[in-house]
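To start, the structure itself, in structure tokens.
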């Protein structure tokens, strides 16, 4: 085994090993557990960094062996994989820091962090999966490892949410399995490959391929929370804030979206999918989801629920981007994978801070929070403006790129969607910001507590500040080669061609 | 070397049965553990021999079939011998810690355990129809004895019910054997297959095959003949339940599968194959649904066996009149399902036993909040559950995948519904247990942590069933080995 | 023909005792019929040129099984438990 | 009503089954078997060193079946004594009050022991053998029990277990000894075959009798605490 | 038609009678009788059918001897279990499965516990 084979395996193993160590640690060993967690997170970031550098140089990392006759287990680090892997490695570190602070003093931490690490391991596997089968393996592992996190609090509400979550995702997984086996039955084991496998297929395969496409998208769409398969996402809000952050920004919804990207790009190929007439339908659903999620978000009074519907809307940007066909539009969609992750995780970190420090859960309780927690509120504000698409923040880059891409391929109606969505984003974020900064505090905070020297615990404060800084940088430095946009352009060059 | 290995394989369990019969519980335990080591080593060595050199026939007493009894030592047989060694070793180790040494009747656990093991090996290796019958009876009676061991009225009722079903099944099988002997004058399965392929009358033999399949399906607890299984498996002590669910029901299924694979071409029919498949499908749904509704933990696991056994019967429609490649796929799927279910179910029963020790109750609801204590056994239970659900990378998934591929290749798409729906249903009952363990409302303050050594064993089994999917290829390549050319006589 | 008569009579007797063993009102009588059935079976084995089985059947089938069952009937109630439910869930 | 319906349906199923079975038997009886096993047996009988072909099949050609079958018997014995709880030996209920039987057994038991011995001895060349002898031996044991003769060796203990397993153990040792000699499991060296078979038969007789007797004795007795039969 | 065949057919009839009794009768000892009758039927088929053409055939005879011993082992074990069951539960029949489990679920939970 050479280093090139071992790197992806190690990247996977770091969080897997961390999970095993944490499970065997006694509950009281908080400090040791934190050390293990952070070491593993840093190590993983390092490994992913190494691989990103290698991939940039044009190297390939991969390992594969046969599991079941006819099916291989393939791990492969290509540019697209590194986009997702980099995102999750970076955000894992921050979320771990955040979660350590968030769960300070609460029970069952050993269980929580164990499954948390498993969850990240699965995400890493999803990123590095080299064929649909391996992808599916980690996709289901993700479902299983997130369930304990969703029901972590053990209340009736949490258990109900967990049930909804598991019903949706496992059914989605079953549908996906069906699609994969159908595909396998007439096309064999398909590794992910730029350009896909079905260029120039005969007419007899067109109908089955189209059906399989619909099944695959339906299976993946559950996790990507495409309307009408999004029902689990708002319900899962009862989970602790770091879990929500992880679910929304990195792991679950992104796994679905990432899967759709892989299927469209590297199984079917953009050209073929379009030729089969599949992308226009997907675009319509994505556009509808974007608008629908935003409209629903307007009427939510619970802060986390509003953010959840916002996620429903934002994730479909990625999918809409794919359907824009041209390289520019595709880049816009892909870069949103990162941008949305960074922005949404900031928002959830901040929402968690409000809840933990001041006991705020509902939007109408936020009055005056800006004075009490200025740093958190600044981060929240930046992320919200980013979502709306204000230059020069990350969200603007997404929308701008997608807009130009749409114009380039003559899909003008997408501009209308983008505009409407931005207006709606503004409509549900600005009132929140208004309350935070410009309203006087009405009632005393319900559960205020004083944590450390800052407005809240340092563990809770730094992660949102870092991500907020990142989202500003991603916008300002978008043209740099190592910005998310720069990396995405590299991917697009390799995937779609110039 | 091979001769000695075979002698060891046949001799050890029987000899150890006698030795442990003469000893008390504690000494029997020590003797048993020594025997387990020997038997596992012998099984491994034999497996390695067959993997390296291919299978062979072993004429007992030096008499060749049809006059004597010949054993068939091929890839599939040694795979199951090894599986049995693993699962029985785990159950035996676990039982040594789990059973109360001071209950005087527990000393009889060991001889029955060894006889059961001996019977299983007879069945895996058997190629003589009557010898298989004796093997079946060896298994059934020792299993019934184990269920009844030290039991109260409820356990006895389950044991009697089990015994009655087993006896009826054996008789149906024996009647089939009688008809076969009457028609072919031979008891060797391969001899009969040979005679059939050279054009003997077939209608009558078809009836005999149906009789035998009926009897074996009864012993395998195929729906709607499953009524005896949940009480027996649910009430036996956990190591016993593990043996029963993991191995015993597989014994009779294995004979049915062997019969079918040898004789389906001349004697099978579309209707019979589909009927068995459909009954298996109903079992998947019915068993899953019942498992979902059981209030007791071990009953959940027992009904899940009914469901999981259902999958095995998809072998029949998928091998009838299909191409060689598809039939091989279906056989591989069956093998993987047997192995993974054996490992996972043994892990589940053993960990369920530990959980019952911990919370002092058999009810699912009594598990409320136990995940608070991070019970190791709950984790093993969960991992085994993943295999039952058929999620990757477990052996259960690999099996399901192969079944899916075989169904698609033969165009029998209706099995897809069973495979996918059954997986979801098993997820439902497994998650019911998880869910209970996460409840935080109830404040249980007392929680008994069983000894680590009790908890390690199911974990190892669960990990094996989990990892099976990753190493399915090499396992299956051995299973496909038949007699090496020229060696078979 | 005489030989045939013997065989036919034996077969009929076998079937009759078998039926009586199952449907006698009294459990004790049922077992007695069963023992008689065993003895007739031993005869049948003789007719089938199987003296080994005949001996075993007489000793084991009729003798031991009979004693075992007779002993059991003494301890179990003679009455059939009058419950009208179905036969032990076998179906 | 439903009971009658049920009986009728079961009866019709059984009738169909019998008709099918009879038809199949009729069919099979019309064709010749492709393998003539009795002829082969006759050819090889010489090599089995036993003259009674049934004994040859049982203890040489298909000795593995017999070995396992004794195993089944031992299992039943183990399961039986494992369930036994009452010390039934002391139970006066067991002794029959039947004068006739009491008188009979004085005559019968010696006769039966003799018969058992004869059957065993005859087994190798004439009808008879371990099973029959064992059964007769067990039957005389049962008679002795009923007559109230205490047989202490039947008390659950090492002696009983030793007796249960003796025949099986010897058989097994012979089986493995031949394998260690380099042959197959259960292959007797030709020159010793006859002796070995006789030895096996003798110990088997003892063990078979022992198991059957143990099963008879271990059936638990229930009088004092016997619950009411429910529901009648 | 030979006498052997006649016995084989009688064996078939015995199987049927035994099966009928085995399914319908709920008293456990009678069930056991039915099982033994069925067993005898099978043995008759085995020997009768084989000897129909070729005359005495020692192989099926040996098989039947083995079968008889297995049958008595099973019967004896069953008698022991039945008597013990009667001793503990006072019943000579197994109750209807479905009803029984439903009824038991409420009351018997305590008994299942580790010390069972």
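In order of appearance the chains are A, B, C, D and E, and numbering begins at 1 in each one.
The criterion applied here is as follows: contacts are C-beta pairs under 8 Å (C-beta built on N, C-alpha and C of every residue); 3 or more make two chains touch, one makes a residue touch a chain.
Since the model is a prediction, treat every value here as computed from it, not as a measurement.
Peer 1: How short can a path of touching chains from chain B to chain E be, counted in steps?
Peer 2: 1
Peer 1: Computing the C-alpha centre of each chain, which chain sits at the greatest distance from chain A?
Peer 2: It is C.
Peer 1: Find me the chain with the mean Cα position closest to the mean of all the protein Cα atoms on display.
Peer 2: Located nearest the centre of all protein C-alpha atoms is chain B.
Peer 1: Quick check: how many Å separate the C-alpha centres of chain A and chain C?
Peer 2: 76
Peer 1: Could you grab the centroid distance between chain A and chain E? Build each centroid from C-alpha atoms only and quote it in angstrom.
Peer 2: Here chain A and chain E have centroids separated by 63 Å.
Peer 1: Taking each chain's centre as its mean C-alpha position, how far apart are chain D and chain E in Å?
Peer 2: The answer is 16 Å.
Peer 1: Roughly how far is chain A from chain B, going centre to centre by Cα mean, in whole Å?
Peer 2: 43
Peer 1: Residues of chain C touching 2+ other chains?
Peer 2: Chain C, residues with two or more chain partners: 52, 56, 60, 64, 68, 72, 75, 77, 81, 83, 86, 88-91.
Peer 1: If I count partner chains per residue in chain E, which residues reach a count of at least 2?
Peer 2: Residues 8, 13, 15, 17, 20, 22-24, 28, 31, 45, 49, 52, 55-56, 59, 61-63, 65-66, 68-70, 72-74, 76-77, 79, 81-84, 86, 89, 91-92, 94-95, 97 of chain E touch two or more partner chains.
Peer 1: What part of chain D is in contact with chain B in the complex they form?
Peer 2: Going through chain D, the ones touching chain B are 20-21, 24-25, 27-29, 31, 33-37, 40-41, 44, 60-65, 67-69, 71-72, 74-76, 78-79, 81-83, 158, 161-162, 164-165, 168-169, 172, 175-176, 179-180, 182-188.
Peer 1: Quick check: in the complex, which residue numbers of chain C touch chain E?
Peer 2: Checking each residue of chain C against chain E gives 3-4, 7-8, 11, 14-15, 18-19, 21-23, 27, 30-31, 34, 37, 41, 44-45, 47-50, 52-53, 56-57, 60-61, 64-65, 68-69, 72-73, 75-77, 80-81, 83, 85-91.
Peer 1: Spell out the part of chain E that touches chain D in their complex, as residue ranges.
Peer 2: 5, 8-9, 12-13, 15-17, 19-20, 23-24, 45, 49, 52-59, 61-63, 65-66, 68-70, 72-74, 76-77, 79-81, 83-84, 86-87, 89-92
Peer 1: Please name which positions on chain B make contact with chain D in the complex.
Peer 2: 3-4, 6-7, 10-11, 14-15, 17-18, 21-22, 58-63, 66-69, 105, 108, 111-112, 115, 118-119, 122, 130-131, 134-135, 137-138, 141-142, 144-145, 148-150, 175, 179, 182-186, 191, 195, 198, 200-201, 203-204, 207-208
Peer 1: Provide the residue numbers of chain C that touch chain D in the complex, in ascending order.
Peer 2: 51-52, 54-56, 59-60, 63-64, 67-68, 71-72, 75, 77, 79, 81-84, 86
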